[in-house]
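Each chain carries a letter (A, B and C) given by its place in the written order, and its residues are counted from 1.
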Amino acid sequence: MTTLTYHAPRTREEAVALLAADPTAKVLSGGTDLIVQMRGGRAAPTAIVDIKNVSAMMSVLGNDGRYSIGAAMPCTGMLRDEGLCKAWPGVVEAANLIGSVQVRNRATMGGNLCNASPAADSIPALIAAGATVLIVGPSGIREVPVEQVPVAPGKTSLTAGEFVVEIRLPVRPARSSDAYLRSIPRTEMDIAVVGAGVSITLDEAGTCTAARVALGAVAPTAILVPEAGAALVGSKLDGAAMDAMAAAVRAACRPIDDKRGTAEYRTAMAGVLAKRTALIAAARAKGEA
Amino acid sequence: MSKIAVSTTVNGDPAEFLCDAGETLLDVLRGSLGLTGSKEGCASGDCGACTVMLNSQMVCSCLVLAVEAEGKSIATVEGVAEGSVLHPVQRQFLEHGALQCGFCTPGFIVAAKALLEVNPDPDETEIRYWLAGNLCRCTGYDKIVRAVSAAAAELRQDSKAQRSAA
Amino acid sequence: MNAPDPMSKYRVVGTRPVRPDGIDKVTGKAIYGPDFVAAGMIHGAILRSPHAHARIRSIDTSRAEALPGVKAVVTSADFPGQSAKIIAAGETSSSLRDIAATCLAHGKVLYVGHAAAAVAATTKAIAEAAAKLIVVDYEVLPHVIEVEDALAEGAPILHEHMITKGLDPAPDSPSNAANCLVMTRGDADAAMAGAAVIVSGHYRTVPVHQGYIEPHACVASWNADGQGQLWVSSQGHFDIRNQTASVLHIPSSDLRTYPLEIGGGFGGKTGIYLEPVAMLLSKKAGRPVRLAMSREDVFCGSGPAPGIVVDLTIGADADGTLKAIKAEFWYQVGAFCGSAVNSGMATLLGTYRIANAHLCGWDVVSNFPGTKAYRAPGAPQMAFALESCLDDLARKLDMDPLDLRLRNAVRPGDPGPHHVPHGAIGFVECLEAAKAHPHWTAPLGANQARGVAGAFWMNYGGPSTVSVALSGDGSVQVTTGSPDIGGSRASMAIMAAEVLQVPYERVRVAIADTASIGYSMVTGGSRVTFATGKAVVEAARKVEETLVTRAASLFGVAATDVEWRNGAAHCLTGESAGEHLTIGAIAAKAGQFSGPVSAEVSVNPLDYLPGFAVHICDTEVDPETGNVSIIRYTTVQDVGTAIHPDYVEGQMQGGAVQGIGWALNEAYVFDGNGRMENPGFLDYRMPVASDLPMIDTVMIEVPNPAHPYGVKGVGEAPIVPPLAAVANAVSRATGLPMRTLPLSPDRIWATIQAAK
């Protein structure tokens, strides 16, 4: 029987030292993935580093229109920050589709990101939002785009001793908003068969000036589809632009058949959901929703 | 293997226990603390039968490490009634026949009480989505939703009565 | 809500008092299977097969035994040798060999999750670690899951001794077809040839799990004198005791078995999995042993319900009168033979008037856990085929689907599935109530449609033992041997209170262990309120008779001159005329008579009546995604008499929702190695609260004359119609046949795409 130790460091430096000292060590944030994996034998760390006591890990900070979300901030905690909900409704709603209320009271976007499931709900929304993450490690601090963190199912680009401390959302331009939708068989408590995050900016005439479209569960990691965003730019989200966007989305899909859906279904749904999500984001950008 | 000593508050009373690092809060509640009201239906956060309040937030105790409870307050189904006086949620579950086998009931009681603390007047959809993390296989949820709704009405009446008395 | 209905002919029957076990269950005090602790108890763990089909060459337990803290290791070599003798096992029967092999694999493992060995240790963690140290040398064999594959030429054979039963002449080689049953009525071919309209379909459902939230658990203690105790959460502790004692070759009475609260069963807790293994571990360890399943163990190691493949053809006259039915069907029963064929036949023949039928049913074994009863075992799958096919007929005839069913519904006196005429049944009343319900004519929106389906379920009676005893103060103790899963303690108290004309609160009900009351069959087959209830009424009447006799003696009159009324004996003649003695007053005088007042009654009633139901379901289908929303649902059922209406409605609602889950998303999904890919509640998608609307209930009371209060079983009929009710609604919403379950979004989407 392996022995397991538990650490609750107070500083980033302590946490980095603990993680660097033990290559099997796992970061504990909300625990909603890690504890299940440990129980099922899919994770067998010899050390757990609980990062919730590290300062600012469980806060939302707004600063000149930018937001910094502590990596251990529970999903439901974000609902209490009105400014964040107004600026990034798509990110907040994506994080608050994970699991149940019980789960979301613990689960975090940092954990969702580092668990690196292709079907994670918050990742497409964060990618669409153009979010970055702050990573600390033995060689210091680095900031990378969210989409560079997951590299394969269950694998991240983080190196030994590194962990995510903060998720950063950029300044929200005027007439701009985001949305996230997912396809699931039930109404709650499911893993996305497909997820679509869209962030969109309109000009005063309602013409799209910028758009980012990201997808979940259609490739080994959540993906940004630049062609899909480009298809919307310059349009008023008319049928032709939306069809072109959906076509770009479908073309980017590289899904698999599994217990949650067929590849064919996933590709088709990616197009359907991307359209629906874009319409919600646009309506929000116009202040209509 | 040396055990970790943890000091917490359980249902308002100080409680101390020894645990291994990998043990969950549910393991300890049901094991050394002898509080078997919280049930293990899945051990993966998918059924809600182990729902407890951790620092006033409802969580699946199977998804919390016992060591994380250090310095925190825990409320379980055993602490919902005040002595022998049932909470309105408990009473309305009984009045509405909102349980059959009863195994999921503790989780529903804790979750429903938590809902009414943040939303004293939930509509049917709000009740259903709040309770979506609690599986019940016997009732089809109909009577559970009605019981929670009735408990909400009763609590609103109580607080109205308290306000007018004050 | 709890006030008596002044129009009712009963005082207590039909009221909705709080159930006696309720407070324990809302406060967390009730002790379920995994909660029970025996003094000195240690913990077991089971090593389960990673292979769907493999021969066990050898098992090396030495490293596990050497681990500090390990107290016992057992394999099937520790079981006594088993014969093929058939014994009662819950609602069905099984051979001792299969029962034992379900608990610990003997010679071969037959599915991923099949128990291969077990350990007991001082902690659960040590036991689990020790289980991993057991080395099983497997010779992996090819496996089969689907019925067609299992029956194919050259398919791997699960049981080398299995010769298909029911074939004449008997085959000379083994196969995976366990059983074949043919039933004929009239001349189906001739009638079909003369039919104005013929509809047919090929239908398929996959295995689904009962999905109770409480995993299986037990505590076993084998004493030095060879006797033992078992604490079990089950649907019938007598049957658990009998099966366990049988495979251990000990007398049943040597195994005192205590019922714990049960967290749901639905048929899945009528057999044994853990109990004899825990007993053997306890025997070796000399300590009480707890064995408990994880959720994954429950999915991979306990019985789901069978899947089915059905070829069905129905012929009818132009006015919709059914002329003939032909069907061949195959139940996918898992690793051990356990017949659902009879129930499939009954579903096809018991619901509608059909004079001509040719039916051929097969049980086919394959490499997943042996299936167990699941609420109306075998019927929902077949009703899906029958009621879907009838809907096609209604469309073809441009006939209202309820009118079609009304035209053909069985009525009292019509032959039942086994030719015995139907008694006081209320199917027509249900169909008429459905037609009159506002739901049936409510407007529908875009992409919405309405489906309907009927149901028949035979129900059961069977043996029960009950005692009713008075305390000296006249309070009433009812003791039964029927585990209470859905509120039956309340209905037993209601019936005893009704007989004795005392308040409900004066009656307390306990479920006794096997040493404290005589045998009762499992809580299953919708039998407890009927059969155990009948025993309660009979025992209470005997108590009343004793009270009247004693009162007559005290009054100095004949018993015929005493009337029992309002919980008291009233003297009608003589010096004491007008006087009365309360139940308490008479009970207190037990010393003047032959002793305390009590009665024990054993019954075996077989005059039960079937249940009938009609469900109406509105669905909305998202044509772009294939997602289905259930937007309105109404259940109508002939309940006989509702003893406690809350728990009757609860059965109707719960059954409907289990059926909705079966229709929409529940399924065993196997990978290419025969491993279940979704053995948890995340991906085995049972309905959650937000998936559902309120489930409206309409109780139709057509009393069963054979029960003192008219009871009919109500627990199973409600799961029979929903599969077809949902499928028919989706089919009408999309204009496409929906003949394979589950109707998951990707399947519906693919069906829509294929039709484009």
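Everything that follows uses one rule, which is that contacts are C-beta pairs under 8 Å (C-beta built on N, C-alpha and C of every residue); 3 or more make two chains touch, one makes a residue touch a chain.
These numbers were taken from a predicted model, which means no experiment stands behind them.
Asks: Give the chain pair, either B-C or A-B, that is connected by more C-beta contacts.
Replies: Top pair by contacting C-beta pairs is B-C.
Asks: Specify the chain most distant from chain C by Cα centroid.
Replies: Farthest from chain C by mean C-alpha position: A.
Asks: What whole-Å value do you get for the distance between chain A and chain C if each is reduced to the mean of its CA atoms?
Replies: Chain centres of chain A and chain C, defined by C-alpha means, are spaced 44 Å apart.
Asks: Using mean C-alpha positions as chain centres, tell me how far chain B is from chain C in Å, no decimals.
Replies: 29
Asks: Could you tell me which residues belong to chain B and also touch two or more other chains?
Replies: 20, 43-44, 46, 129, 132-134
Asks: In chain A, what residues contact two or more other chains?
Replies: Correct list: 1, 40, 187-189.
Asks: Quick check: what residues of chain C touch more than one other chain, meaning two or more?
Replies: Residue numbers touching two or more other chains: 125, 681-682, 687-688, 690.
Asks: Which positions of chain B touch chain A when the two form their complex?
Replies: Residues in contact with chain A: 1, 4, 20-22, 24, 43-46, 48, 51, 54, 57-60, 62-65, 67-68, 70, 111, 129-130, 132-134.
Asks: Along chain B, where are the residues that touch chain C in the complex?
Replies: Answer in residue numbers: 20, 30, 35-44, 46-47, 49, 76-78, 80-81, 86, 90, 93-97, 99-106, 109, 124-125, 127-129, 131-145.
Asks: So in the complex, which bits of chain C are touching chain B?
Replies: Its residues touching chain B are 1-2, 16, 18-19, 21-23, 25-32, 34-35, 125, 210-215, 261-266, 294-295, 485-487, 644, 646-647, 649-650, 653-658, 680-682, 686-690, 692, 694-695.
Asks: Any idea which chain A residues touch chain B in the complex?
Replies: Residues in contact with chain B: 1, 3-6, 8, 28, 30-32, 35-36, 38-40, 48, 50, 52, 74, 76, 99-103, 105-106, 187-189.
Asks: Contact residues on chain C for chain A in the complex?
Replies: 125-126, 129, 296, 624-627, 664-665, 669, 677-678, 681-683, 685, 687-688, 690-691, 744-746, 749-750, 753
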